[in-house]
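Labels for the chains are A, B, C, D, E and F, by order of writing; each one numbers its residues from 1.
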């Protein structure tokens, strides 16, 4: 008899044979409104039982690919820098082994840890960023490390013209003003994504999806629901486009299961991750 | 003084005078993920208090038609075959009396009981099936009778070319492969429904609506929410089309009220049933 | 040190300097199905912490305008006429001071109190009414004052041809019949709004938004969810149109926070109010 | 086939043959904090499916007694006096027919309607009152008719020395001061109940149980939970004592199902009502 | 890197070295009222993260003992006999290996599968049964296999005088009547447990705890909450007494996490299991 | 008209005239299991509307005392040391002005900030600590500042023999071992409190109540519910004893409203704070 193994939907291969490596980063210490994203990865593993491994959208099946789920990092709460260090270390190890890291947040700040590792291996790293919020503040109540500053911190690492945001519909005015000079922002939807994808052909790309880019009707289980988001089918279409690029790492984040007792938010998060893995696996 | 009578919205006529007969089949014993559909019919009766009898979509009123609500079958839990027997018997009796049975599930397997009765009276029975899931497995963990196999079991009864599925967006790959040979499946939406309706003119049709064909944003109160579904207006349009056919029986199923504390899922289920009854009554 | 002041998002100016005055009318005594709208204004103030003051839709910021939030009226429950009197008095005072009253309901009957005050100052008052329900009954179970009769009561004050309804998708047949003679009703959506706005240029307009005009997927937190509603973006577009008129008073109503534990309904209510205030402030 | 009859647990006899008559008074318009008790009677009928008819405490079975459930009064919301009139009329009719009325509230004010009818038939009426709140205010925000004034209003009808309160642990100081002169109040528990019962032998007694006399751990599903209440076993013991008296009418009130999603509050309310009916039936 | 292992609190030893073997039986197909116990074992594993391995009650620590958690059986829903077969087989294998099986239900019928295996190895098996419900029906709506008949079925295997029930406070009258002849029933509490334990010294004992023996205030997360139960401290005291016996197998069952969103029911279930394991391990 | 002021129940005096100063510390960044205590103070202010100012236990009324509520600190999330600095500063200012600070947490670590200020003014500070958890770890996953280490950190400041814990029923074994040498711990209940109070007469005492000392049946709305706690009446009795001492500061913490949708946890927290303020005010 074997001990009980719990992995995300069909991601039950061995590390060595896998091309994509999933892990959870259950961190939400800088969340400014409603915390709870630390439970996203565990809940997605559990509820993925109700999701099929086969995608009728892509006619592909997770069971045909080699994917490893390494479980969750054991992150101490209340020490932001140390949490980012753990994420960076894990991501670096996966990259070093020639695999693609796929992180399940946690709040959006976890992306910074992964991007630190990715930019270290790929100095020309570009970032495609789907989100409701621009996350471009330079600080939040004086803190440089925050889910509200994460893209500004990523910009510190990759520089001007490397970050492409889509679906943005919330932020401080100053974020939009600063953003105009330093990043490419498409408000509300995915218009222009095709061209961005064309222009990034061959470049190393980190792909971060804050699931609150989805409309709160589809995805209420998040800390800061923002009306006016995209549908699942729009997000799926955009993911399929981005996946044509050289994705060197990715994450999905900001699911906070406790705020959606129906489980529909967790289910759509699972389905987004399934489609993302399948699209990247081809 | 009279004892307390509770019927679905406006369905308070006597059996003899009614053309449509509603009843509940509170069965969910084969549900593989989250059970709870057994409470659908009771909750719909209670919450239909908040729904109008008049439809501004069809400019018709339930109060102008004769509909009977016979309450719920008393189904023993844990004995699938016996439950199906009760449903078959009830449906057969209604059909025998020249009325149209309209069942409120329960999980989707309840449809099998009703189809058994319907095919016995109408050997040329056709089935129109709205659903997120194809339900075409031959068995589920070895069980032939399951909410995941119900359409395969119906196919055992009606044969090739008689089942028309719409809105399907989830299943095992093998279901889609098998389906191609034996049933007509429209993935994701209602494209082609008009032609199917044309081709079925005059035939006896059983109409089964798994309410999870609706997007989980509209209908989160179900066992297995599947992102990417249809809107209420799309479903309504499709119902109006199908109702031009010779509907000999119908059901709505898979509402699981406990998973939607807002009551919106129950409310939309009530409205779907109201529109369906009105459309068929004309 | 100062006592704790809680206002709706950025509405923290002094009364004297403000052009728009927000207040809550926590009344829901005539609600026929599920009560709870009395908690809307308090919950919106609390949760507006998670909403930005800046609108990327209008490129305007609440911090650039002078708006006062006077808190909630202290309404006794169970005495409808007295509650309406308090609302009328508050509205009249604000109007007298040359400011625009913006009320947060409460159930929809609160609108009657405000309209009484508004029509007294502006005898030629017109009303633009967004809602799922026509609210045109003459009485409800014998009661003349009810959330289901509020537009009929407003009609008593303003007369024929002054009320313009949009998004209506529920009601008694008699309401629609009566409505045809006395008010202008656009069912289901905002078609024709542009022309109505054109025709009302220069007239004093009271603008009442029953938030259940939104689809329940977007706004499940309400007493009587009605499938088939508008999206947030459609509502926003319609608000921007209406705001070109001479709005002399407005309200948003029928948020019932307890029915949406995800907080998404409260969040969208906050965003609707933010956009409405910004649009009117220009 | 018969239309669907829904009664409280085993209370499915005909009116004529019954000694006890149950009915619901779904009224909560004067509730000052959290409304929702209007759904108590419907929810208790539905969930009584999960409760046995047999009491191992009393070794009696509801099936051995004749009890009728007349369903709910159709009460218009927002008109307190009219609602009380309906309750009084119903109660009077039952009393006139020589039966014992057993009302399911609703908020506590419903008791006033029943007491009006009871005192009219029994001028020497005494009242035993279990509650967390003294309900002795003379008015609440200027209103004479309120759930917070109901026992003061009952005192208007029965006079000094006729009301006996137990379990009281919340109120305005003035209520306790006034109470000392006019009613008998046992704070926190049932101490002294035995003597009160002795002293009331042979008198006509109306018995009203505000279920929030129970500790909120046992009964969280109520508008205003007050820590420090009694256990179910303490309440049961007290009910058995009171039932030795000449109970001419009774009610249980203040269950608000929406505030307890676990259903435990509804279940204990059902069990209290079962024990109360059985105790009185002997 | 290793795949993600999830075990109940501290039960992460290898099978071979372990004395106690935990496994989940996620079956609830015969539940007559509210299903959902199938999620108990998964939820307990996840939430045991918030529970300490050390017991200050017993001054013992799970980390000092060898316990294995084998995960959940993969049970097909809707086939009761087959589910029982899987449970029996698993239990038999553990018993054969000289270990103590500790099952997490599921509904109470799962006990029958385990008792079948236990009685086969220990023909003189006695059963100690803590529960709110007597579970002594001979059939439920015609079904012999049901959570309401499980102790009658166990009696079929062990015979008269071998079953000792405590805490029973709900059942059909006939169950109590039948029980008097065949089993020992202590209603409401644990009175007499000391003597029973004395009398069973040296005998093989199967110990089944239906967690609804706890008061619903402590444990609302169950299908059929029954007011009037025991406290956690009373249950703990009783467990410590029973654990002095020769326990050859045990189970805890009837946690239904979805009915207690606070998580307190799951937490107390974890703590009961921790104390039970520690008490048996000594 | 005045801007909307929201204070805790009756605490609406001016700062200068007040003897007790309430403020909120909405910090929960080091919570290891379920976060959410940051919303405690806001929710308590809002829900205190449903609580009376008068205590029938003490026959005192909050309206007779001068208490100021300064609202919440604006704490940045993710920077533990800075958060503690803000709390310390606020507490120091209140102490300097000769008033008693009464903090509403937040997680338990907030106590450290207040104790830093208190020990600075009162070097002989003693601490009375009610809690389910001993909070005596030296570090948690390497972090010195954590809700699980707060009492160890307080011990760093006050030294051996100054901390008196009651109600403790959870912790790591090493915490209990360490505790024996350095603090006084009463497990499970308040035994010995009378003597401790006697021995501390005249000393400056900081009083910290982790509300999870209450049984989860009474107080499920907390991050880590621990079965086996005290009742409200036991806690009230203990508070009345402690309040005979020279309390120089106090806090109540660990209410996490989102985990108790019934509101009963918030209500009992309000009542505990009311009784505590009244007891200290005498």
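Note that in this section contacts are C-beta pairs under 8 Å (C-beta built on N, C-alpha and C of every residue); 3 or more make two chains touch, one makes a residue touch a chain.
What you see is a predicted model, and the numbers here were worked out from it, not measured in a lab.
Counting hops only between chains that touch, chain C reaches chain E in a minimum of 2. With centres defined by CA atoms alone, the chain at the far end from chain B is F. Comparing the centres of all chains, each the average of its CA atoms, the largest separation from chain E belongs to C.
Although chain A and chain F carry the same sequence, what matters here is overlap: shared residue numbers make up over half of all numbers found at their interface.
When the contact pairs of D-E are matched by residue number against D-F, C-F or A-F, more than half turn up again in D-F. Distance from the chain A centre to the chain C centre is 38 Å, each centre being the mean of its Cα atoms. Centres computed as Cα averages put chain A at a distance of 41 Å from chain E.
Annotation for chain A: residues 32, 34, 215, 217-218, 260-261 touch two or more other chains. Shown here, the protein chains touch in an arrangement that is not a line, ring, star or fully connected set.
Checking each pair of chains for touch leaves A-B, A-C, A-E, A-F, B-C, B-D, B-E, C-D, C-F, D-E, D-F, E-F.
The touching residues of chain B, counted against chain C in their complex, run 49-50, 52, 54, 56-57, 59, 61, 215, 217-218, 232-233, 236, 260-264, 267-268, 271-272. Only residues 32-34, 168-173, 176, 187-188, 215-218, 220-221, 223-228, 259-261 of chain A touch chain C when the two sit together in their complex.
Within the complex formed with chain B, the residues of chain E that make contact are 28-32, 34-36, 38-39, 74-80, 82, 109, 140-143, 145-146, 258. Here chain C touches chain F in the complex through residues 1-7, 12, 14-15, 21, 42, 45-46, 68-72, 261, going by the rule given at the top.
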